[in-house]
Structures are given as C-alpha cells and as structure tokens.
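Below you'll find the structures, each written out as structure tokens.
Shared between the two complexes below is subunit A, which has subunit B as its partner in the first and subunit C in the second.
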Partner chain A sequence: MTTTAAESTDQAESALLDQHKQFLSETQPAADILALNESAIQRFEVLKFPYRKHEMYTFVNTKDITAAPYVFSYGASVAEDFIKKHVYPGCEKSVLVLVDGVYRENLSDISGTSVRLMPIVEALSQADIKSYLESTVANENDVFACINSAFLNHGLMIDVPEKTQSESPLQILHVSTGSPAGKVTTLPRVLVRLGVMAELKLIVKYAGVQGNYFVNSVLDVLVGEDAGVAFTQIQQDNGDAWHCSKNRIVLDRNSRFHASNASYGNKLTRHHYEVHLKETGAELWLNGVSVLTDEEQVHNFVRIHHAAPHCVSNQQFKNIVDDHSRSSIDGTVIVNEGAQLTVSDQLINNLMLSDNAHADNKPNLMIFADDVKCTHGATIGQINEDQLFYLKTRGLSTKIAKELLTKSFADSLIQTIAFPAVVEDLENTLLKKLES
Partner chain B sequence: MLEIKDVRAGFDGTEIIKGITLSVKKGEVHAIMGPNGSGKSTLAKILSGHPSYEVMSGEVTLDGQNLLEMEPEKRALKGVFMGFQYPVEIPGVNNAEFLRMAYNAKRIHEGQEELDPLDFDEILTEKMKVLGMEQKYKDRSLNEGFSGGEKKKNEILQMAILEPKLAVLDETDSGLDIDALRVVANGVNKLRNENNALILITHYQRLLEYIQPDFVHVLSQGKIIKSGEKGLALELEAQGYDWLTTTH
Partner chain C sequence: MTAKENTVSDVLEDKKYKYGFKTLIESDTFAKGLNEDVIRAISHKKKEPEFMLKFRLKAYEKWLTMKEPRWPNVHYPPIDYQNLSYYSAPKPKKKLESLDEVDPEILRTFEKLGIPLDEQKKLANVAVDAVFDSVSVATTHKKKLMEVGIIFCPISEAIQEYPELVEEYMGSVVPVGDNFYSALNSAVFTDGSFVYIPPDTISPMELSTYFRINTEETGQFERTLIICADNSYVSYLEGCTAPQFDTNQLHAAVVELVTHENAEFKYSTVQNWYAGDPETGKGGVYNFVTKRGKCVGNNSKISWTQVETGSAITWKYPSCILQGDNTVGEFYSVALTNGHMQADTGTKMIHLGKNTKSSIISKGISAANSSNSYRGQVKVSKNATNARNYSQCDSMLVGDKCSAHTFPYIESANSSVQIEHEASTSKISEEQLFYFEQRGISRENAIAAVINGFCKEVFKQLPMEFAVEAQKLLTLKLENSVG
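Moving on to the complex of A and B:
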C-alpha cells in the first residue's frame, strides 16, 4: 500500500518533533533560547508542513523540503579560494562568512566597518531583542522559518550603531558545503539592528560548494528611526539544492529599506519577504530578478504591511523563464486601517522563452484605509517580434538578437542595484545563463 | 541590382501589394510616392523580410539571388538596409553597443576582424558629427525616448555605419524639421556612389529637392500607377494624387 501525502506529512512532523527533543537534550540551551526554541516547536505543531493546497504555497511543491528528520550540517571546512571567489571587490574588509549557518570568524573580516557582532543567544539578554524574537515566533506563519527558530542555536546579531555609516558595503556570505552523500539541511540565522540615523549597505549572498543541501535561512532587519538600508540579496546556490529564505523587515519612523534580489534558481527557491512599515514615513523598495533555465524554480512570497500613514512601498519583479523552469510571485500589500496616504505600487513582468516554462502571478491588495494610492499589475510576454525583426534587419542573427533582448529585459532591473561590483558580476554570470 | 517582378503580397491572406514590377540598377535613386495606405511600407517590409507579411506570387532578386528566401539578417549582410518609418524602441539595449554589434556582424560576414569598442567609437563619433547628432545618444537605450526626428537620424546613422548596397528609406523625412531634413539628406548624399542604390519612400516632394531621384513611381492601392522622372514629383505636389487616381 502506498502512503498518502497526508500520512507521510504526519510522519515527517512527528519525526521532526522527536528530532527537536533530541536537539534540546544535546545542546542544553540556556533558559532564554530554550524558551524560544520551545515556543517555536509549539508553533510548528500548529502550522504543520504544508501539503494539499496551502494558501501560502499555491505555486510551490514543498515535497522535497518537508522530508524530516533533517540531517543538519554545521559546517565542514571550505577552501579559501571558494570564499575569495564569492567576496565582492570592495568587501574584503567588511565580510561576514557563515558556513552552513555558523559564523566563522577566521574567514571573516569586519575591520573596515563599525558594526558590532554578538551571538543571538547572548543578544537575548536584551529585553527588546528577546521580546521581538518572542513575538515573531508567536506570530510566525512560515513553517520553515519556524523550524529555523525551533533549532536556533548559532544565529548572529549585527548591531549598526546609531548615526554610523560605512563606506564599503557589508557582505554576508552564506556558504553551504553540501554533501556527496544524503541531503543536509542548514539553518542560517541573522538579525540586523540599525540604530537611529544609521546607514547600512548590505549584500547577502548564498553560494554552495556542492549540491544536495537545503538552506533554510531567516534574516530579520530592524531599521531604526531615520535609518536606511541598501540591500541586495543574491541567491546563487548550487543547482542541486533547495533554498528557503525568509526576510522580515521592520521599519520605524522615516526609515528606508531599498532591496534588490537576484536569483539564479535551483531545484526550489522560495523567498519570503515579510515587511512591516510600522511607523509613519517609512519607505520600501523591493526589486527582484530571476533568470531560470532547465527545471529551475524561484518563488517569491511577499507580504507588505502598511501599518502607519505616509508610507511608501514600491515593488518590481522581472522573471525570465526558459525550458521547463518555473517562477511565481505571490504578493499582497495590506494597508491597515489608519494607514492613510499610503502609496504602493507593484509591477511584475515575466518573459517566457519556452512554452514549457511557467510564470505565475498573484498580485493582491487588501486595503482598509480610504485615502490611498495603490496600483498593481502583471504581464507575461514573449520576445517582442518587432524588436526581434528590427535587430535582424541590422544583420544580427536570431540567436544573438534574442539574447540581446532577453538580457536587456533583466538588465534594466540589475542596473538599479546600488553596488557596481554586484551589477558587473550579475551581468557576467546571471545574464550569461541566457547564452546557449 | 534589385529586380521586383510582378509581386503580390500582404498578410493574413489579404492582398495589399497587387502586382508590382520594378527594376533598380546600381547608382540609381528611385522615389516611391503615394497616398496613405497605398502599400508603400508593406513593399518595404517585403523587401526586408518581415515575418508577418507573405509574398503570394512573383519574385525579387538582388544581384540575381532570390531575396525572398533569405532571412532578414542575411538580406542585411548582403547589403540591404531598411530605414523604418516607425523605428522600434528597445529599452535596455545600449545604442552604441548595438551599433557596434551590427557593424561587427557585417565585418565578420565579410571575413574581417571585429572592431573593439575603442576603435569603433572613433568611427561612430565621426559619423555622428556628420549627422549633427549629440554624442549623448551613444549611451542611451536604442531609440528609447527619442523624438521622432532623433529616431530618423538614428536610422540614418545606422545606414552610415553599415554602408549598404541598397537602402530603402521609408518616410525618413517625416517628423524632421527643415534643418534636420537638410542634415539627413546631406548624410544620405554623402553615402551615394555609382555602386549603391536608394529607394526613397515619401509623401512629399520636399525631400526630393535635397536628394535628387532618377525615377519617381506613384503607388496607389498596391499598384504602381505611374512612373516618370523627377518632374513627376513636382506635378504630384501641385495637383495631388487625385489627379492620377481619377484619370487612371
């Protein structure tokens, strides 16, 4: 007899609960972190693994990443060359390397920055951090983020002191070592806090030494009053890997978070953005570009909460899907009662290069205030025949002309990234995927 | 050089070009005039190989070779240039980079080495000066946000760089003020020689004051209803097309 999806999910859930008991007895967490681990596993029991039709995973098949018990990896050795290759020029003295979720001081260098580091386990002694993390766990709706908190042990907190700025961007490099044997799971966890009027340029890059891993990452960014973050996340995992990342951003009065995401895709990537425009005058920009070939998948799940008046959120996504690849954007902007004079735009453009590719869109607005300006739109298109013809009449072959058009489609978003070294790298690697 | 023989063509089964025969020899300039919707642009698109248009019968040869079975890029490499009535905008494609790619595609076809950006820039700078184009158009996206006149100048710039054997210019004069028209005409005249040929599609005789045609053809409802020398253009200007279509 074959097991049903429900039965195997039940089994995976009880396997995870057992595994959690074992985790607690092995690591013997201190009281503060223990409380967090325990409430997270209780939350997990409520949320459960998604199977059947789950509204948060409309376009995502999570079968491969719900196969608990997980084999956790906390970092093998990594060749220095590999690290060097993935550190952007200009970040040599402002780079934090986490290998399989574990901060590696010997591979990192933050001498060029004014940030302060502390294990999250220690940061929990601060009342505001403790209550923040407790509330995120209590309100967690993402089961994978919940698992990250349940097994949270190695997380890193980055403090950006008030009124500080750094010249060069800070890069967080997440290296997954992967495994030649069975699939391993890693749980990177980073919490960034910006003081009043602090400015941070932050690059987060995910890369894998070899395949066969599931990186299940959570990043919290707490942006203080009048502070600003220029953020770029690059998902460049091994193709034979799974990736979940939840980025939770909380914006205080008059703060800014300008984000760009670039995704190379793999077996399954799911980005979850949960953004709280908590106080008046906050501003979010969120761009995303994916270039997918073969069977690669990238899914974006975005929830933006406008909780205060005079906030702005601006999103633009561009996806190129070729072969049998899949992308999806499930994005909702929630404008709470009282969030008057909200301005919000969401635009999704997809370029389909193959009839077998999929690009799903679910833009949505939930508005409970009456004086707002919100728009959203989505397009799915093929290569524009008139543009293609024009280029061909100038002697360019169909292949070259198509490459030029697809690259330019994605490049217009890549060009908006605030870091020239990242732009150059994406043009040389992400866009190279479009050359056959 | 170019032989069009009894061509019938259109799209979706509708015939728009209803039997056109035209012979263009090297060194010649032919003007094609005619009212709106008479099929002028359709003829140009047939010559450049637009995939939406189909040729139902007849033949077109370039130096004895069947043009109709060539892909648009092959026609371009053989020396056919199309100056579009409505050039498309291509956001994100850098104008100078595109021009270099087109130039190098031709060089490779001719067995020459590609030019690197620096060497090409010299050529480009020079040609832009001749056309009175500001250098800033190098860094802009191809035709994006260009005014009508700027787009037309950009077409002529491409022609100047590709040095075609046969250029078909579809209403390159419309959207240009008189100064720009002079500059464009000047640019075109500089490219003329005894080995190349030009087909000028236009509404007005104004352009023909600056680029003297050897022949003028009047196209109406998909047919050439009258051909003559350049005096015909003046007559048309004075009397309008009705004069021809009613007496025809």
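Moving on to the complex of A and C:
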C-alpha cells in the first residue's frame, strides 16, 4: 500500500519528535539551552513540515528535506588543502571554519581581527542574548530554522566590540563533509553581534567536500546603533546537496546592512532573509544573483519588516535559469503602522535561457502607513535580440555574443560586492557556468 | 471651517449610502438552510431539465468536501451557511406584456437607481436585463437584439429554451469544484444573465444588467454565462447597488465567458454595494465572486474593467485563460476602500496559447480604516511561446490607519516570454495639492482631480455611460464635509 503525502509528513514529524527526545537524553543540555531546544521543538509541532501549496513554500518542493529522522553529522576530518582552496585572499588571518556546523579552532585563524568568540551555549548566560534567542524561537515561522534551534548545541557567537573595525574581511567558511553512505544533515548556527559604531566586513561561504548532505543553517546578525556590516554570502555547495539558510538581521538606530548573495545552486537551495529595521534610520541593501543550469534550484524567501520611520530598504535580484533549473523569489516588504517616510525598492530580473526552466516571482508589499514610497518591479525575459545583433555586427559569433550578454547580466550585480577577491572568484567560477 | 483645515481623509470620508432603501414587495422565500432537498426544490421551482439538477447536485457534493478559503487578506466572522435562505423571488406573476404590468414599487426602485428601463429610454440604446433579487423581471430591447440573432435573457429562461448551449458551456470555464464559493453558486444559483452572440455579429448596442440584493439575509447567487461565437463583438455592462442592512449579506456570483475565433468581449463593472457602517464596519455586503473568461478561439480577446467602490468585503479575481493562439487578455481595475472595507482583488492571466498577450492595470485607493490588496497571477505555460505580459499595480494611501498590499504571483516556464511587473505605493503628494490650492482650487476638488487622474487609465476603458457613472461614484465617495 502506498502512503499518501499527508501520511508521510505525519510520519516524518513523529520521527523527528522521537529523534529530539533521544537528542536531549544523549546531550544532556544545560538548563538555558535545554529551554531553547524544548521551546523550538514545541514551535515545530505548531509549524509542522510544509504541506503542498503551503503559502511560504509556493514554489519549493521540500519533499527531499523533510524526510526525518535526520542523520546528523558533526564533523569529519577535512583536508587542509580543501580549506585553503576556499579561503579568499586577504582572509588568511581572519577565517573561521565550521565543519558540519562545529567550530574547528585548528583550521581557523582570527589573529587578524578584533572579534571575540564564544559558544552560544555560554553566551546564553547574557540576559540580552538569552531573551533575543527565546523571542526568535517563539516567533519562528520557518520550520527548518526551528529544527536548527531544536537541535542547537554547537552554535558559535561572534562579538564585534564597539567602535572597532578591521581592515581585512572576516570569512566564515561552512564546510559540509557529506557522506557517500547516506544523506547527512548539518546544523550550522552562528550569531554575530556588533557593538555601537562597530564595522564588520563579513563573508560567509558554504562549500562541500562531497555530496549527499543537507545543510540547514541559521545566521543571526544583531547590528548595534550606528554600526555597519558589509556582507556577502556565497552558496557553493556540492551539486548533490540540499541547502537551507536563514539569515535573521536586526538593525538598530542608524545602522547599515549591505548584503550580497551569490548562489551556484544545487538540488535545492532556499535562502530565507528575515530583516527587522527596528529603529529609525536603519538601512538595508540586499542583492542576490544566481546562475543555474541542469536541474539546479535556488529559491529566495525575503521578509523585510519596516518597524520604524525613516528606514530604507533596497533589494535587487538577478537570476539566470537554463536547462531544467528553477528559481523563485518570494519577497515581501512589510511597512508597519507608524513607519512613516519609509523608502523601499525591490527589483527582480530573470533571464530565461530554456523552455524547460522555471522562473517564479512573488514580490509583495504590505503597507500600513501612508507617507511612504514603496515600489517593486519584476521582469522575465531573454537575451535582447537588438543587443545580440549589435554584437554580431561587430564580428562576434552568436555563441560569444550570447555569453557576453548573459555574463554581463549577472556581472552587474556581482560587481557591487565589496570584496575584490570574491568578485574575481565569482567571475571565474560562477559565470563560467554560462560558457557552453 | 475652511477648506484648508480638512485633512485628506476627511474629504474622502464616506457619504451616507445613497441607495440605502428597501423595496417592500412580497417575496417567495425558502426556509433557511441548505441540503439536497433545497437544491432539488430550486431546480424544481425553475422547471429545470435533468442535466441542470445533476450539475447542481454534483456541485453540492463537491462543496461539502471543500473548505472556505482562508488565504485572502480579509477578516470576517465565520459565515453560517445553514442560516441563509437560498431562494428568494418576487411572487410569480403572469407573463408581462409591457412595463406597465411590472410592480410599480419595483419600477420606482429602478428609477431611483437611474436604470433606463422604460420605453422612452430605449433612446439611450441600452438593453437592460434587470435582475431583482434572483428573478429577472423585465427585458428591453430584446426584440432588436433578436433581429441580429443575439440571445440576451435570464439564465433560467436560457436553461428552458437553449438547453444545449447551456449544457455545453456551463461549467466549462469555472468547473463546479473550482473553489468554495463557485461550488456553492453552482449548487444553488437562482438566476442571472445569458448572452449568446452568433457568428459574424457585432452587437448593435451595449448590453447591461443591474443587480440588486433585496430580501434581507438572502444570499444572492447570480450566474452569468456569455458566449461569443466566431468574429463577434459585444460590450457588457454590469452595475450593482444594494439596500442598507445591518446583517451581512453574502453574494457569491459566478460569471463565465467564452470567446471563439476572432471574437472580442468587453466586460465592465461598476460596483457600489453597501459597505457597512463607516464608523463601526457593521453590516455591508460580502462579495465573493468568481469571474473568468476563456479565449478558446485564436485571435480572440477578453477585456475586464472594474470599478469597485462598495461591499464590506470584496474577494474577486476576474481572470483570463488565454487558450487560443494570439489571444489577448486585459484587466483594468480601480478599487476604492473606505471606512472598514476590505478588498482582496486582482486577476489571473493564464497563458496557454502561442503569442498571447495580457495587460493588467490596477489602481487601489485605501482610506480611513480600510484594507486594500491586489492579488494577481501571471502564469505562462511551457507551450506559450512569445507570451507577453505587462502589469502595473499602483496603490494610494489616504490616512495612516489604512493599509495597501500587493501580492503578485509571476510564474514562467517558457524562455521566449516577456513579463514586466511594476508596482508602487504612495500617498497623494502634498506638493500636487499645494499646487492646486495655490491656483484657487479647493482641497476637495484637488483631491478629486488627483484621484481621477490616478484612475484615468482605467476610466478611459469604460464605455461612455459607465465612465460618467464611475467618475460620479468616485466623486460621490470623495465629496463630503468641506464647509
């Protein structure tokens, strides 16, 4: 007898609950973290695994990543060469390596920075961190982030002291070791806190040694008053892997968060950005570029909450989809009552190169204040015939001309990334995918 | 009080509902409740052929398995579907020869609404199939339309006289189980309009229907079916007003359109149902309507234009299924919400054929404590090569207690498509108002001018008579306490 989709979801849910009980008895967490784990699993019971047509997963088929129980992996050995390959030039003395979500001091080097590290388990002794994490768990709407919190025990907290800034960017390298035997799941968790007037350049990179893994990551960034973050996230997992990452950004008065996302795609990648512009004058820039071929998928889910007046948010996404690939953007800007003089822009451009590819968009606006300027735009199209013709009249072959046009489509966003080493790397690898 | 002291929301504040009266005529109303016997009774009362009863029962069976949609961005207390009466008709009278025989009370109602129903008004060149509650009471211009072969009659009559057309097309665009409200409608609909435009015919006049909800606590379930054969053209107007009641009234209509090769159809609506008390939000009509057109034949075109200014809750997505090659779908909408009104409205453009084109222009204005959402879907299937879509949805906010939302769904599975979507939300610019006032134009007129300008793209799509009515309606909603 075949089981229905609903039955298999129910089975997976109860399997996860059992697994959680086992997890707690094995790890015997301290009181603070135990409370967090428990409230997260309670939240999971409310949220449940997404069913088909769930509004948050309209364009995403989560079948592969909801097959609990999960086999968790906490870090096998990784060759140093692999690490070296993925550390950007200039970050050699400011790199944090997490292997399968576990911080590896021997592979990391933060001598070139002024940041302070602490396991989240210890950071929970600080009242503000504790109450922050408790409230995020209580209000969590992403079931995968919920699972991350339910099984949280290896998280890392990075403290950037007030009024500090370092020349070289800090790189967090998430390595997934994967497994040839069966699918493993990793739960990286990082919390970054910036003090007043601190500046941080942050690069987060996901890479995999071999396939067959599901990385379910959560990153919290608390940006203090007048502080600023230049952030780049590079999803360069193994093609045979699944990726879920939730980035929750909380912006204090006059703080800035400038983010760029670059995705190589794999079996399923889902980025979830939850941004709270909590106090007056906060500013968010969020760019995303993905270049997808074969059967790769990248889905972006963005929720931006304008909770205070005079905040600015600006988003731009560019996706190139070829072959049987799929991309989707589900972005909502919410302007709360009282958040007057908000300025928010959102632009999504899709370049479709194949009839078998899919590009779906859902740019939403929810506005509860009147004195605002909010716009969004979305386009889906293909290579402009006139531009192609122009290049051909200049003696370029169709192939080269197409390559040039598709590459420059994505490159215009890559160029906005603040780190030259990352730009160069993306141009050499991500854009390489467009060469036939 | 000087004009200057008025805030924008003061000016926009709802005027007392002009059409809030209730006509006292005897009604033949069923007891409250819904079950198979009620459906059989409706069908029996209408003397319907067997296929209609089957259709209704099938829909009812589906409806029982369905859940009321919760995804729209609207909030209302649960509706008790067993606490509604599913049939209400003016007491049956013998077939009427002329308008003189119509209940003078009804005629007075139409007069108040300004429907050009009497003989002299034939000059207005509008044929009216006036639906009073659920039964059509008079049809004019029928003869003139019949001369060119156009059928324009109540759907109950069409079921008797043209059963083969009804059987072929009813449910072909909106299947019985399409959604909760359309299933309910399919099971219990009492009347509505039927239009058939024969091949190679251009309708000599614009067709028009006025709907009115009359008997208290009677859900009105209208069913409209319009078929345009090859190379035909028609423009259809629909206008709505309802009396003022305290209990919420449910209106779940279904409109189905089919256009064949080279046919063109234009559907225009002005809706001004009672929106509830502007202070408390009490009362008002729940307007849960399924409207869908299907461009079956190549080169056909469907154009929806709507001006929504009433109803406590609007849940309405006039859609186009662009099935034939080179077909065109258009959607023009103005939705004004005021008081405690809630609107979740928009369109769906489903591109299936090659070289299909669609455009969406949506203008939302929210004032006072209202909530206005645009929800639209543009879907391009794999075979719809060279499909083209342009969408624009702008929202205007008046006052800091209202809200405006935009939920576009853009799905593409074809590499030769071009889809553009843009949306903006803002308030009336103070600079513009200042400029008007500086030129000696009152704040009220300035706001009316700005809003009419904001909606101009939609208004110009309306047929002349309707454009005037729509402008009047917006101005009516705008004019108020300026002293």
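Please note the rule applied: the second predicted complex is superposed on the first by the 436 of 436 C-alpha atoms of A that agree within 3 Å, B and C clash if a C-alpha of one lies under 4 Å from a C-alpha of the other, contacts with A are read in each partner's own complex, and residues count from 1 in each chain.
The rule we apply is simple: contacts are C-beta pairs under 8 Å (C-beta built on N, C-alpha and C of every residue); 3 or more make two chains touch, one makes a residue touch a chain.
Being a predicted model, the structure only gives us computed values, none of them experimental.
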item	value
Partner chain in contact with A:A359 - subunit B first, subunit C second, else both or neither	second
Which of subunit B and subunit C A:S412 touches, first, second, both or neither	first
Partner chain(s) touched by A:R104 [first = subunit B, second = subunit C, both, neither]	neither
Subunit B versus subunit C as contact partner of A:K63, first or second or both or neither	neither
Contact breadth on subunit A, by residue count: subunit C or subunit B	C
Partner chain(s) touched by A:L404 [first = subunit B, second = subunit C, both, neither]	first
Touched partner set for A:G395, first subunit B, second subunit C, both or neither	first
Touched partner set for A:D370, first subunit B, second subunit C, both or neither	second
Residues of subunit A that lie at the interface with subunit B and also at the interface with subunit C	none
Sites on subunit A touched by subunit C in the complex	55, 58-59, 337-338, 340, 350, 352-382
Subunit A contact footprint on subunit B (complex, rising order)	48-52, 71-73, 75-77, 81-82, 84, 87-88, 90-93, 98, 101-102, 105-106, 109, 141, 158, 162
Touching residues (chain side subunit C, partner subunit A) in the complex	71, 380, 382, 385, 395, 397-427
Residues on subunit A engaged by subunit B in the complex (per definition of touch)	384-387, 389-398, 400-401, 404-405, 407-409, 411-412
